[in-house]
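Each chain gets a letter, A, B, C and D, in the order it is written, and its residues are counted from 1.
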Amino acid sequence: MAWVLICFPIIMAALAAAIPSNRWRPWLLPVTALVHTALTFWVLSRPDLAVSSAWLVLDPPGKIILLVVSTLFLFCSFYCVGYLNYRQERSNRIFVACLLTFLGIMSLVTWAHHLGLMWVAIEATTLSTAPLIYFNHSKRSIEATWKYLLVGSVGIALALLGTFFLAYASLPAGLTPTLTLGELLHNAPLLSKPWLRASFVLLLVGYGTKMGLAPMHTWKPDAYGEAPGVVGAIFAGGVTSCAFLAFLRIYHICAAAGEGPYISRLLLFMGLLSMAVAGLFMVGQRDFKRMLAYSSVEHMGILMVGLGLGGPALFGTMLHLVTNGVTKGVLFLSAGNIHRAYASKNTEQVSGAMRRLPLSGALFLAGFLAITGSPPFGPFISEFAILNGAFDNGRFWVAGLFLLFLLVVFMGMGKTVLKVVQGRAPLEVHDTPYHDGWLTAAPPVAFMVLVLLLGLYIPAPLRALLNDAVQFLGSRP
Amino acid sequence: MEMLNALLVIVLVLNLFALGTSRILSVIHIVATQGALLGVIPLLLHEHLSLPVILAAAAAILLKGIVIPSIMIRSLRAAQIKREVEPLIGLLPSVILGALATAFVLLFSKQLPLAAHPVNTLIVPASISTVLVGFILLTTRFKALSQVLGYLVLENGIFIFGMLLVQAIPLVVEMGMFLDLFVGVFVISIITNHINQAFSSMDTRMLVSLKEE
Amino acid sequence: MLSLQLVLSAIVLLGFSGLPGCLLSPQSALGQRLATALMLIGSLLGICGLALSFDMPAPSLHIPWFLPWGQFAVTLDPLSAVFLGLVFVVPGLGSIYGLGYWKQSEHADNGRQLALFYGVLAGSMGLVVIARDGILFLIAWEIMAMAAYFVATAEEDNPEVRRAGWVYLIATHVGTLFLFAMFSLWYHATGSFALELTRALPDKTAGTIFVLALIGFGFKAGLMPLHVWLPGAHANAPSHVSAVMSGVMLKLGIYGILRVTALFPANPVWWGGVLLTVGSITGVAGIAFAIGQYDLKRMLAYSSIENIGIIAIGLGLTLLGRALGRWDWILLGLGGSLLHVWNHGLFKSLLFFNAGAIIHDTHTRDLDHLGGLAKKMPRTAVFFLVGAVAICALPPLNGFVSEWLLYLGLFHTLNFNTEPGIAAAATAAVALAMIGALAVACFVKLFGAVFLGTPRTSSTEHAHDPEAAMLVPVILLALGCTCIGVFPMLAMPMLENAVRTWALPLNAPGSLANVLPWHWITWLGFALVVLAAGIFGIIKVLPRIKRVPKKITWDCGYAQPTARMQYTGSSFGQTIVQLFSFMLHPQTYRPAMRSLFPKPTPAKTFVPDLVLDRWVLPLFNFAGRTLPGVRVLQQGQTYLYLLYILIITIILPFFWGVGIPS
Amino acid sequence: MIETPIHLLLLLLLPPLLLGVINKTKALAAGRIGAPWLQPYYDLIKLMRKGLVVSTTTTWVFFAGPAITLSTVILAGLLIPLGPFNAPIAFTGDLILFAYLFGLARFFTTAAALDTGSAFEGMGAAREVTFACLSEPALFFALLVLAKKSGSLTLTNMLHGPVAVFPSPAAAPLVLVAIGLFIVLLAETCRIPVDDPNTHLELTMIHEVMVLDHSGPLLGVIQYASALKLFVLSAVLLHLLAPFRTGSAWLDWPLFVGEILALAIVIGILESIMARLQMKRVPYLLTGALLLCGSGFILLVR
């Protein structure tokens, strides 16, 4: 089953590369996405399919990520069709092919239970997404791609070293070195502590680079700023989630090895640092796409904090993966529409989006309120759960800082968003061709509905899945 | 074993050469040699030669020693640029820095709780110091190509460490890693070409239009 | 149970009243009429529900829902009923008023949005009041806050409105974050989000929860110094929105404090002390700042702050009473505050509606551009006067009754002989007296500057009494003020139940209805009216008064008094502003006489907000200037980015085992 | 039950006499013969029979001012016990009503003043409301002290309680309060040193300048009302200063009249030996009163 999920998109990618028509090629995306989502739900409904081999196992966290990635991709794929219709002047062969490949690889990440394989997959996502950032072929996009590649590859290289350390950690104990998650978890307590910790640090930095934790986040604003909005959405919801999953593995091992207190210090430090940095860079941010990038940095930080708090906060963390993913979908897609309508992403030129694009403007505003944790939207539930975790294990300082940074982010982000949305639109923007169409407006609306739904009602299966994930992270086979 | 240690020492020396050389072409050659030498390590490390070991060695020599360097040289030719690297800090200081880092790691490695097998004290320090040298190259060079070279040195360092765990890392994964490395360098060199066309230079100091103003 | 169902359906109706309009065209008046109709039906249903629930055991409803915690738990107890009453009266009247004040046809670009969020605001306020679960409460609370933001910034194409809205947004968000912390701590302490009476918590926890609640809800209620958002938002919102915000939304902050304090079976003395002090400061400072303003609606907004202060004084007395087991203090204090919540809701909306009528015709809020309107809009003048007298707590209107209760309560603290310190609480009565005197000054200034004398500018030329849609709500509110003022005993049973709900554990004899001589209030009210009318009549019918010669004002013999010679509102307030200049810091721009024949230069004086303009904004501007300094770290040099990675990799291991609890 | 009619009679008829006494005292002190005792009555009657001129700018508020002022003062008068006799109207909390009735009067007097649109009257109104901000709290401090002393919230019982200055031991608070109240009385009834009822320099006046435009009956009503106010406040003060009782109603009524006239004489003497304060000094005087009453309260509850 795993192979179908992984290979089908890649085959479709090959097909896309083969199709000549620039206009019809994009339609491969929704088709593939629909099949992929259908398969995903089938797999999730059938526990017996979850194990395909020792290396390919779909455990609860993997299921969550797979669900997020697949849904995100489904909605984005429709948006892509609409978007690429506006960009007929440029060949989308590579774009579509890379997107499809990327879907396959992300599925691989969710299945991989062998850390080496995991690493290969993550590195592959880096490579397959680079052309997406480069889509506009402008000087700026080249620069963004270059930085993304270099910083990303160096980070990933460190992750590789960390993986090796992890394998080596079992040597001093006289065990045969291995990288399969199951075995590592099983003899986690025997692993040599120094190597384990070293590998933890390296993997934190390595996969943290991919997630975009401060101070390894530097590629993020450039990449998100220059890539098309939809790519931003897939990065912020998909790539980061995959990297987080990869990191979750080593976290799991360290927790099983009884390193909890040690790693929680690191995680809290990194998480709060990321939130703080994101907040600082958002203050007075004039480029609303870069602002979204920093918001993504902030939310990676929130995930780290949740992980570091552990216990009751774990549920919130897992939930936040989902809510953050879909909310980012709303923000990036609507931001993309606004960007296109104004042909600028600088708040000096962009204002009055609510009048120029009533739908996208409203969505952008609502998305902002959602992502900053206002009830009744999904992120509120997850962030509040994490806060409860902080209070629950008596870490009042963490809770205080958490709230403080949330406030800073709210102020920094709100200033920019309101500048974009409110006021009168400058006259010249009314003759840009773009107007909200079905394909470009419906997906963000769908995301928004999801966000609202998650804030008021978490479906029982999802809740069960989240609880399983929390259980799983606490367990060791 | 002595053989292996000698090899590793050569690798370390090559690091310092890479730091000290000014012409990009020769740096490429140095890195290529280093890669090829690394390919030999597994053969020396494991006395009874198994298939994965041989394959890994072959792939390493082929890729690190021949394919990637040739790609680099082509893109160097394609880019009609001044052939000197332009270090942030002078060549000599960077050499000294690298030397210090290496020395520090060698001393520090005494503290590391190393496994009884394989009994060799040089592999781990060699790999770590190579990684550090890679970082020094990455952070002190401006030419896109020389930064790529730094990345390669970094990879080499990691590869050395990987040699300890051939049996831990199955062949498929090994190959996957090589593939990634290859594609990575390939894509990067494509991008460097684009940079060279767009900016008519490979100086990454030109690439500062994306920033917080 | 039926009552609760009625109330819930009412809330739903209110909440979605604006929705149909959104499907119609921006100009169609039909949508607005529909919205109003739905609002009114909802309000009527709700009031029926409240009537049914009177003296019944509080109906409640618990529906488990699919969130990690909490459930959909609502209860309709007398305490909620008091606040629900406001929710069902003021917004409904406001939407009628809106039919004339904010015609859909004249405000095509924001009319629908306004109607939509106006309804949402009303509905969410209802939900806030009946919610009995922390999560549900937070959700309703935030919906309310956001809806209020959107209605207050209806005219967001005006930069001033945007600025005011921004300040409001920040303030409300800070408040919400404090509430997050509060509820988290509550959950941590009690193990559930249910808002139900708990066993006594450890003093430290309870105290922290109380302080967090005080700050979180204080932002919404506008307790000083957390009032920063209030004047701007109220001044720049459409008038019926200002009425709802000031009349109802602020009170929900008070409700929050009440609800949270009701969760504890007992409380230490200092809770009461804090509230008494904060209340006194808020009251005096609020009304003093009101006198310093020259903007009609800003004055009203600051006077709202003052009234919140008065209510807070009552709460302080109540908490003090519970701490010392004095039932009479609770009865009088809480009864007075709750009644004042109602009264302020009535007369403040009355005043805002009238202010809206004035602004609607004159297009200015500046007192010094108005004047002499009593002739052009006689009805408005009368109703405004009613509101003004009521808000100054003067007999025979409703304001007096609630403050009377508070005064009595505060005087009761005198006969508490064990601890002398407690009697100091009675000094709050003196603060209340000062507030009263200042309020008279403030509203004489307001009434005089707007309605009396002669018009100061041409802006009042087209002023006239508003149409029926804007007049009917005003009449109803004025009637309400008078009724409560003359027949206060009618309101007492309701208040009594609310008080007993709040003070559930200790329950003592002695009820509001019979501890106080209400009939005297009624009789003296009548006597006052009759006497005044009589004297008025006598003067009128005196033999020589049959025909009164009309001359210009005898300005001490000056033959040509002009409108510009009048005492303006600013000059009227000047003496008091000087008296309180230690607190108000008035700023004056005097014309400088440089040349021999100086050009005409304007002189003006104004009173900036102490907290916002002197502390908060400078702080934020400073932060806004300095924080972006971190950007030097990210100027696009890739090699630096790589260096950061190296550095963090080297730093992180230093967490190695440092102070790890093993 | 004869008390209520007598109370009403005194309340309605006696006040102008106080003015007459004060003026006579001042005249004698100045070495003049002065106007007859009953001059205020003649003035009132004359004013009532005069015609009326009103400004074109005014509205009904202009008439409402005097009417409401008079009615509030009369009601306030009904709450006050005269001498040892109970007030006609007495109920818990009437002291608050007493204070707020004066507030109502202030509201409408000042509104009527602003109604004329004259700078002078606006000035007077501004001063009136400003000084009230200080005298009102002083009054309430006094009320607190009296309530604490007597343990009652009904004016009658309160003033009949142990609140007199000298018979009662530990009277220090009461002395302070008595002085404070006296200053408040002077301010509220616009006597020297706060205000000068018979100057005609508009710029320096408070109360008189507010009524510049009121003529004929309106002016009559206003003057009558201020006389009543003087009477009422003096009656309150007397309970602190002169708690003399004979026990028999036949003697107590005349005794009370004598006391209040004596107080009038005191005021008259004070007015003739003191000069009016500078306008900017008045707040200091009132703050002084506030502090006196306040420290009285502190002394009591410490």
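By our rule, contacts are C-beta pairs under 8 Å (C-beta built on N, C-alpha and C of every residue); 3 or more make two chains touch, one makes a residue touch a chain.
Model, not experiment: these values are computed from the prediction.
Listed here as common contacts of chain A and chain D: C. With every chain reduced to the mean of its CA atoms, the largest distance from chain A is reached by D. C-beta contact counts were set side by side for C-D and A-B; C-D has more. The innermost chain, defined by the distance from its C-alpha mean to the mean of all protein C-alpha atoms, is C.
Chain C and chain D, compared by their mean Cα positions, are separated by 36 Å.
One simple way to say how far apart two chains are is to compare their mean CA positions; for chain A and chain B this gives 31 Å.
Computed from the mean C-alpha positions, the centre of chain A lies at a distance of 43 Å from the centre of chain C. If each chain is reduced to the centroid of its CA atoms, chain B and chain C end up 69 Å from each other.
Those residues of chain C in touch with two or more other chains are numbered 628, 631, 634, 636, 638, 642. Counting partner chains per residue, chain B has residues 138, 147, 204, 207, 209-210, 212-213 touching two or more of them.
The multi-chain contact residues of chain A, meaning those touching 2 or more other chains, are 143, 146-147, 150, 154, 221-222, 281. Touching chain pairs in this entry, ordered by label, are A-B, A-C, B-C, C-D.
Contact residues of chain D toward chain C in the complex are 48-59, 61, 63-64, 66-68, 70-72, 74-75, 89, 91-94, 96-97, 99-101, 103-104, 106-107, 110-111, 114-123, 125-127, 129-130, 132-133, 136-137, 139-141, 144, 147-148, 151, 153, 202, 212-213, 216-218, 221, 283, 294, 297, 301-302.
Every residue of chain C that touches chain B in the complex is listed here, in rising order: 628, 631, 634-640, 642-643, 646. Partner chain A is touched in their complex by these residues of chain C: 65-68, 109, 135, 138-139, 141-143, 146, 153, 156-157, 159, 162, 166, 169-170, 173-174, 176-177, 180-181, 184-185, 187-188, 623-624, 627-628, 630-631, 634, 636, 638, 641-642, 644-645, 647-649, 652-653, 655-658, 660-662. Note for the complex: chain B touches chain C at residues 88, 135, 138-142, 147, 204-205, 207-213.
Note for the complex: chain A touches chain C at residues 143, 146-147, 150-151, 154-155, 158, 197-198, 201-202, 204-205, 209, 215-216, 218-219, 221-222, 261-262, 265-266, 269, 277, 280-281, 283-284, 315-316, 319, 352, 354-355, 369, 372, 374-376, 380-381, 384-385, 387-388, 390-392, 399-400, 403, 406-407, 410-411, 414-415, 418, 422-424, 455-460, 463.
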